[in-house]
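These are the structures, in structure tokens.
There are two complexes below, and they share chain A, which is joined by chain B in the first and by chain C in the second.
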Partner chain A sequence: MGNQNATSAVPAPRALLSHATRETLSNYVYLLPAAICLGGTVLFPILKAIHMSLYYNVLIKPQEYRFIGLGNYVRMVQDPTFWLTLRNSFTWVFWSVSLQFFFGFLVALILNGQFKGRAIFRTINLLPWIIPGVVVALIWEYIYQPNYGPLNDLLRRAGLMREPVAWLSNLNLVMPAVVFTNIWRGIPFFTIMILAGLQAIPEEIYEAATVDGAGVIQRFWSVTLPMLRPIIVVSTATRIIWTFNYADLIFVMTGGGPANATQITSTYTLMQAYSDLDWGYAASLSVILLVIMLTFTALYLKLTKGVESVAG
Partner chain B sequence: MVKDDAYYASRRQFLQTLAATGAIAAADLAWWEDPFLGPRRARAAASTVRFQFSVPEPLRISLVESLVERFNKAQSDVEVKVEFVPQAQARQKLITAVSAGSPPDCCQIWDNWVGEFDGMNALEDLTARIKEWKHYKDTVPVAWQTVTVKGKLLSFPWVVTNDAIFIRTDRAKEYGLKIPGPDWTWDDFLTLAKGYTKPDKNQYGFGMRGAGTWAVLYATEFLYSNGAQVLKDGKVVINSPESVQAFEWYIDLIRKHKITPPSVATDGYRQIVEGFGRGVTSMYLHNSGSVEEQKKFVGEPNFATLPLPLGPAKKRASFYFSETLTMFKAAKNKEGAWKFMTWLMDDEPNYDYAKTLGLLPTRQALADRPHYKHPGYQGFVRSFPFSIVSPYLAYAGWGGKLDSEGVPLVQQAMLGKISPKECLDKLAEVLTKNMA
Partner chain C sequence: MKTRGLGDPLERFLGGPVLWGGLVLATLFAMGPFVWVFLASIKTRTELYAMPIQYLPTHPTFQNYVEAWTSRLTPFSRFFANSLWVSSVTMVATIVISTLAGYALARFRFVGKNTLMLVFLATQMFPAVLLIAPLLSQWHALGLIDTYQALIYSNFSFTVPFTVWMLVGYFESIPRELEESAMIDGSGRFGALLRIIVPLAAPGIAATAIFAFVSSWSELLFATTFTTRTDMRTLSAGLLYMVGQYEIQWGQLGAGVMISTIPVAILFIFLQKHLIRGLTAGALKG
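What follows is the complex of A and B.
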């Protein structure tokens, strides 16, 4: 019997895949829905844009639709307006983000303190961020209006102006004017992010630093800033990407004018797509925007040592 | 077991429900446009016409809705459904709809789009139908020109307009200025504009347009006064010596004489109309579309319109533009669309539309009505003899380029970044490159 039992004990058939492989595969299966969603909404549009950028695709000339390889990119290199828009984009992003960050930080430091009416001040501070971008643009377009806008009226009543200043029509003033509007709108973003970071810094660290004889400025440089580094890196990188691609404000306030003085690459892309209906060229512009932003993000994260915490 | 039976029963029920839902949905697809089965079947007798309208301002929305309602009530064969699309997106939406093979049956478009759509082979050739239409001969010939491409009539010129100069008569009296007659000259224009200009009071002589396609078109009308042309013998000649001379004079209005508001380079339609209405400017060039508005803004007796002034060449031109009704080749209900369009062109609907919006009817019988004898319209009526179709309609490729390249060039000249000659040379280059 014992022998019989021994012969009948057939070893269990070996699984086709090892346990570890099956586990890995099942992990991928769980990831599949998310991968399909991301692929459909992120990857596919990017690939489609790259594909479109290789074609002569002007909607009003369907009969001329054809593959032109890198033709749109060659045209871009030779297009002086593209280079102008790129320069404008860097000006727009640099001044907008650096000043938003500076003032956002300042407001966050103030709001981190204890004072009466802090809750109200925090709510008011959020208002520019809550208002939709297009509405912000319309409000400021009205404020800047030279003939009946409140800004000129105020300056004239204060005796600071004799003749109206056309803020959005003057080549020297138009970019600062739209950048100012963007700063006004973006300060709350940095305030919220930095305030959250400030409140997460344990009080004991400050106490220890004080015991060690660190003054206010030393505490700021040696405790606050390093502890905030991950938040600062993420928020500035995010904001730079947003601002680079942000077209609503300029599109509504100036339409990129006058004389392309505020034409940034994203509004130029919009114009190529919806005014000239040149989707091939617009696609190549958006591909270049993507490449610039990817390169920037990689470099930025490398230079700032990524988002690792200070302890790490 | 009981549990299992219950399980199978519920799965069967689920599958049956699924099948039934599928069947209903499939039956529903045929009437996809409407949300409910019942009312759709009741209306199945009337064929539906999709009509797209692209200037959804409150006044136009209520006007078009009331016209559509009147049409739907007046007959039972066709039911028109109007789709309002913001003007800024209308052209692009129509073009993408045409590319996707699902345009509306008919729509309102500007005549400068007709060439583009014809270039896409998207428009129905209406020549034969229109020539048989009862009011064909009553429609002014120049209106037909605005919708004729390569000899084909592709649209109905619904309403037409040309350009004239609006002038504040009350302010002229206040400042002791003499309003010239209809055959005034550039010199008269400049004298009057200087007389109106009082920068310390935030008052300027002329509200010049610097933004939008019309910034180029209005400037071109002044160039025509000096004998210039855009196209001659198939060649772009917008940078001819007479054209450059005229454009220098035009730019001098801003840079030398300073008779325009400082915001000129970004002043669009709204700014020039409101600038005049609010008393910032005392003259501006526009079509008849703002006559009714100015009656409310500055008051009926306080303004008049004059034709464009004569230039040194003793010439002048006013550009005709028409708002048209057109039908697409891929329309699903061509007969219904035709019925609706011809109804809109009939006496009362056409007159109501034109009169409410301050535009001019294209049918002579309607243009002769007393409403158009008002002084506010006289500048436009007097401009008829020298009105021409915009020369920029010659090539479909020019439409978008005027916006994306022409306007920034004109703005650069206005701001002194480039000379008027450089501006016209570059504009000529752009136009020549896009003669397709």
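What follows is the complex of A and C.
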């Protein structure tokens, strides 16, 4: 089949390579484009980032560019803002993901019901998830705007508020405000995942439980939840990693401020690069982000009993 | 579908008033912000800054759209074209690359296959901020700053791992016998892939294609970092630029937001069935 194989980029002389070897080589050719892509845009850049993290590299001080070994990492350990960003990341991830999960689950249960116009309601409820992050950020910046934004106005009309509140510049309110925005954005993710899980549960199991006298609440605890366990684990873990890495929303809405109140580790990395122009320190922060992410992924794979069960 | 347990009063309560109440609340919450921004985008200047807030425009106008679209400082027509081009090319190239790789991983036996799958999984979870600094210096060295190539190549870093991962699952679900008989009939492996596998996996390929398009359309950090010229910005980068540059013009910004949202929303409305099936297939098997 060698001469008919259109992609065989290895027209090796017969004498040198056996048929089997040639086929193996031509098999690798299929992987070549993907390998080049990921080599050039992921693998090489990561090595480069590690390399950059070992240098003093502040763009406005090119004359001071030099190798400093682990200097950036030492600075990180001593940097109170870095530890603050880790705590903020935890708050951001914990509240975002747990509430996205809770409300996403509720919406999935609702949308799994049988009623007229279900398709339209489904589409509407999933829309916040599909739109660009910067769009989400700007929409909510407008909603939170103290004078022209609708949130203060609605709260005042409802008699819940007297003085207008500057949601995104108040130290105590800014984190809840960005988390709330992220919840709005992320609910559909869990809705989609759990809805798919709900629809995969065979109707017979519910019928059997009903025959056994299980009420609606019991059926939820003894059938629905256990059957959804795999998809809950997979979607929550994916979401935790994604939220931890996600910088767009905070970057656009507050830039990590005021006074680092919403500075999570990924936005701190960005600010180091864009505002302080300290690319060495930014690189070392991003390497630590990678290490945290890899540790979590390893734990997660162990939890789901290895890649096989995820890959199917 | 059978209706179960209709005699249970609690279930009837949950399936009736609670279901409808929840549905209305959830839908209002999901739609409210869009409605607000859409209304803002068709308000006149006076209406935008009226005190107290005026929710409905008395003189609806598309002036904000015209201004955003033709503005010389923030030309949304140009941003739109850039986004469309970058996302489309990313999508097509990603599909070609990932179809080949996904097929190889689904069909061939070779050393390190499981490790490779693990790499594709882990790569999906890499933080974008990790890649920004090294990619910037890389594109700079290659003279690719302010080019579409830099944005398209960078987008591969997140589209390719995910689509390969998805397509492996699709290809594995297609019986081997189908392409084997085609190969006996004289097609090469590549011919069998094109004529048998690709048509059968079309829904899956479509879903991953939409994913690649939508995620490229939303991409912000690469687009702001690897472009410096206004005429090279995508919609996401252009919106950010608009905010950073002047005092926020909420009317024009609202128009820009709608311009950025409508294409992906339309795509989603028409193709959500495929997209959702594609995105959840991997997780469901777990």
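Structural remarks
The definition used in the following text is that the second predicted complex is superposed on the first by the 260 of 312 C-alpha atoms of A that agree within 3 Å, B and C clash if a C-alpha of one lies under 4 Å from a C-alpha of the other, contacts with A are read in each partner's own complex, and residues count from 1 in each chain.
The criterion applied here is as follows: a residue touches a chain if its C-beta (ideal position, glycine included) is under 8 Å from a C-beta of that chain, and two chains touch if they have at least 3 such contacts.
Note that the coordinates shown come from a computational prediction; the quantities given were computed from them, not determined experimentally.
When both complexes are overlaid on chain A, the residue A:260 reaches chain B alone and has no touch with chain C.
For chain A, the partner touching the most residues, choosing from chain B and chain C, is C. In the superposed model, A:162 lies in contact with chain B only, and not with chain C.
When the two complexes are overlaid on their common chain A, residue A:146 makes contact with chain B while staying clear of chain C.
With both structures placed on the common chain, the touch criterion links A:79 to neither chain B nor chain C. The intersection of chain A residues touching chain B with those touching chain C, taken from the two complexes, comprises 145, 147-148, 273. Against chain B, in their complex, chain A makes its touches with residues 59-63, 81, 145-148, 162-166, 168-171, 254-260, 263, 271-278. Those residues of chain B lying in contact with chain A across their complex are 89, 92, 95-96, 99, 116, 119-121, 199-200, 202, 210-211, 261-267, 275, 278, 280, 396-397, 399-401, 403-404, 407-409, 411-412, 414-415, 417, 436. Contact residues of chain A toward chain C in the complex are 1, 4-7, 24, 26-28, 30-31, 33-35, 37-38, 40-42, 44-46, 48-49, 52, 103, 106-107, 110-111, 113-115, 121-128, 130-135, 138-143, 145, 147-148, 150, 153, 184, 187-188, 192-193, 195-197, 200, 203, 206-207, 210, 215-217, 230-231, 233-235, 238, 241-242, 244-245, 247-248, 251-252, 266, 269-270, 273, 279, 282-283, 286-287, 289-290, 293-294, 297, 301, 304, 307-312.
Of all residues in chain C, those touching chain A in their complex are 1-2, 4-5, 8, 10-11, 14-15, 19-20, 22-23, 26-27, 29-31, 33-34, 36-37, 40, 48-49, 51-53, 55, 96-98, 100-101, 103-105, 108, 110, 114, 116-119, 121-123, 125-135, 137-138, 153-154, 156-157, 160-161, 164, 168-169, 172, 183, 186-191, 214, 217-218, 220-221, 235-236, 239-240, 243, 248, 250, 253-254, 257, 260-261, 264-265, 268-269, 272, 276-277, 279-280, 282-286.
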